[in-house]
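In the two complexes that follow, subunit A is the common piece, with subunit B as its partner first and subunit C second.
Showing the complex of A and B:
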């Protein structure tokens, strides 16, 4: 009983921490979809580029705060380059856009393999050590990632809802043609949203590296997380994304701590539940939502 | 003020506008009438830059209009589109404020007052989300948003389509007021009786070509117009 309480406490604390990061991971992805109706499958790769940029800069002796800023800058430029060089010309076709962004992700994966090999790397944390909360030990750097994620989300919300540029972005998201007819340059708005999305991905990448090692394959998880969050929360809804991030984060952490049942026959073993099932509950939820409420928990059906 | 010469527009291989020419003088209220699919909406979308044209001239105040919609708005040509294209999740007030986008940070209280005087219901609904308005209110908001941009030439595409007669009347009166205040109006209208009541000069567009131009009186006297568009009265 005592042990169960400790596990319960850990599940709550860790899911609160990691879910904020998931919300940050999905933020840029949600925005690009909400404003431009583009599913950017290179979003996870942006995070990876951010993480590797910070790691590379750190290895070269740059202070981590400066390295993080560099990661944000590189990802911003990368996102704008991808939009201006490619997406802008194919945006009218959903299929071509999906293929183009996926190709971009795979290309970035190969580039990282060539330069940094497939060996997993570790980004040194902003702050080392850990803190103890009741009976749970938490790595300090993950607490920092949690705080920074929330700060970024709140700042983003204020930007969108309290500034003139934010309103212009909202207007374009709600009706692109209406926006053009009041004199908004829709191309500029798209460029700005891609830049913002890239910046958020760069930041998310640096903090994502506080939970996982760097590898050329690390872009897949954040992409799937973003996709699940956006579908569950309702496409383009910020509030929905945050709630969905917490649902998915909680289910994942819960699964990590759930006991597993092992079936073995001959030399093959099959594990039911447990840590290796981490990604399953969010996918099941994704399928359920698509069946029961295709517009997402907080989405409205678009005409 | 607006001069269009030999305008050709295609959708893919479909030749939608086949050499349209028309002109609008400053202060005029001109209507383009014609059946569904004649090309009225395409004509308006081409003027406001939403659709590109392959051949022909669109000149505003003796200078060719730019191709980019945002630049065209800055020249004072403002398009109130078919289907309204409001910002559905914004309030009435926010929609109107977005309408003044091209004026950046200038004080717009006078413009707001003018719109509220034309459509008092918008003042009552100031804080309501645009998507939740009735069809007539949405149309008033769409016209109000266009006026916030201080148009010199206002392009109105089917502003009373599907609205109740009493709402139509309110909008028709507002359009006369807007025109008297010095705004030149080009109106697209499927309902010929409405167009002949509102406008002072009328173009008839059929399958991408202007087939007749004249005053409402001339149109009412025309045998073809009476038979096809006015139900033979």
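Showing the complex of A and C:
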């Protein structure tokens, strides 16, 4: 019983922490879709580029805070370059856009492989050490990632709802022809949303590295997470995204701590549930939502 | 001075010639009626002026500056605004925010409170948010959603959104269509008020009688071609026009 309480406590604390990061991971992806109707399959690759930029700068002796700023800058430029150089010309076709962004993600994976090999790398944390909360030990860097994620989300919300540019972006999201008719340069707005999405991805990448090792394949998980969050939360809804991020984060952490059932036969074992099933619940939820409520839990909201 | 000049404009969709070598001009401060039976190409002309469609041939000048082929947003910022027959508002913005968004883009270098002042002025001007709708520090249009407005209110919202962009030329697409007789009167009032303030307007309608009292000059379109041009009195007497209208289903 005592043991169960401790596990419960860990599940709650860890899911609260990781879910904020998940929300940040999905934020840029949601925005690009909400405003420009583009599913950017290169979003996870942007995170990867952000993480590797920070890691490379750190290895070269740059202070990590500066390295993180560099990661944000590189991802912003990369996103704008991808939009201006490619997406802008194919945006009208959903299929071509999907293929183009996926190709871009794979290309970035190859480039990382060539320059940094497939060996997993570790990004040194901003702050080392850990804190103990009741009976749970938490790595300090993950607390920082949690705080930074929420700060970024709140700042993003304020930007969209309180500034002139935010209002223009929202208008474009609702009706791009209508936006042009009141004098808004829609292409300009798209460029800004891509830049913002890239910046958020760069930031998310730096903090994502506090949970996982760097590798050329690390873009897949964040992309799947973004997809699941956006579909479950409702396309283009910020509130829905955050709630979905917490739902998915909770299920994943719960799965990590759930006991597994082992079936063994002929010296080969198969585990049912447990830590190796971490990725499964969010995918099942994604499929279920697509079946039951394709518009997501919060529909296409006006946020 | 000429506000708008259209020269030998041509546009076809597949085999259908929607606009055929159309030329006309609009003087600053006047209301020009663009009249013609359904399918005469009136809306296509608006789409060509606003840059929604690119003409196959011909040129469009706004204040003696060629705007042919410009993107819509640039034409709007140059000073042309269009009012649609079917209101196209931002569904997830309040009435106030719908007007505000059109007042924003031209005001990059002004402070926010001036945007607010301008938005409220436009809202009052078009009767969207009358003084009676405003209570202590708040107005009805700030909490109202466009979906709650009646037909006449939606048309006012369309006009408010257009005026918010500070247009020198206003294109009105069938401003009376679908309105109750009472709303038609109010709309006619609003348009003549705008005219008195010096607003240049091109007004499209298929109903000739309804707009004759409002317009200074009329261009009659038929199958994409200019059939006649003149003052309302001249047009009403023109046998060619009468014939076209009788053939096309009445005045």
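One rule holds in what follows: the second predicted complex is superposed on the first by the 299 of 303 C-alpha atoms of A that agree within 3 Å, B and C clash if a C-alpha of one lies under 4 Å from a C-alpha of the other, contacts with A are read in each partner's own complex, and residues count from 1 in each chain.
We take it that a residue touches a chain if its C-beta (ideal position, glycine included) is under 8 Å from a C-beta of that chain, and two chains touch if they have at least 3 such contacts.
Please read these numbers as outputs of a predicted model, since none were measured by experiment.
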| item | value |
| --- | --- |
| Superposed partners subunit B and subunit C on subunit A - clash or fit | clash |
| Touched partner set for A:92, first subunit B, second subunit C, both or neither | neither |
| Subunit B versus subunit C as contact partner of A:175, first or second or both or neither | both |
| Partner chain in contact with A:167 - subunit B first, subunit C second, else both or neither | both |
| Partner chain in contact with A:268 - subunit B first, subunit C second, else both or neither | neither |
| Partner chain(s) touched by A:184 [first = subunit B, second = subunit C, both, neither] | both |
| Residues of subunit A at both interfaces, subunit B in one complex, subunit C in the other | 164, 167-168, 170-171, 174-175, 177-186 |
| For the subunit A and subunit B complex, residues of the former touching the latter | 164, 167-168, 170-171, 174-175, 177-186 |
| Subunit B residues within the subunit A interface of the complex | 48-50, 68-70, 73-74, 78-81, 84-90, 94, 98-99, 101-102, 105, 145-146, 149 |
| Subunit A - residues contacting subunit C, complex | 164, 167-168, 170-171, 174-175, 177-186, 301-302 |
| Contact footprint of subunit A on subunit C as seen in their complex | 50, 71-74, 76-77, 81-82, 88-93, 97, 100-102, 104-106, 112, 115, 161, 164-165 |
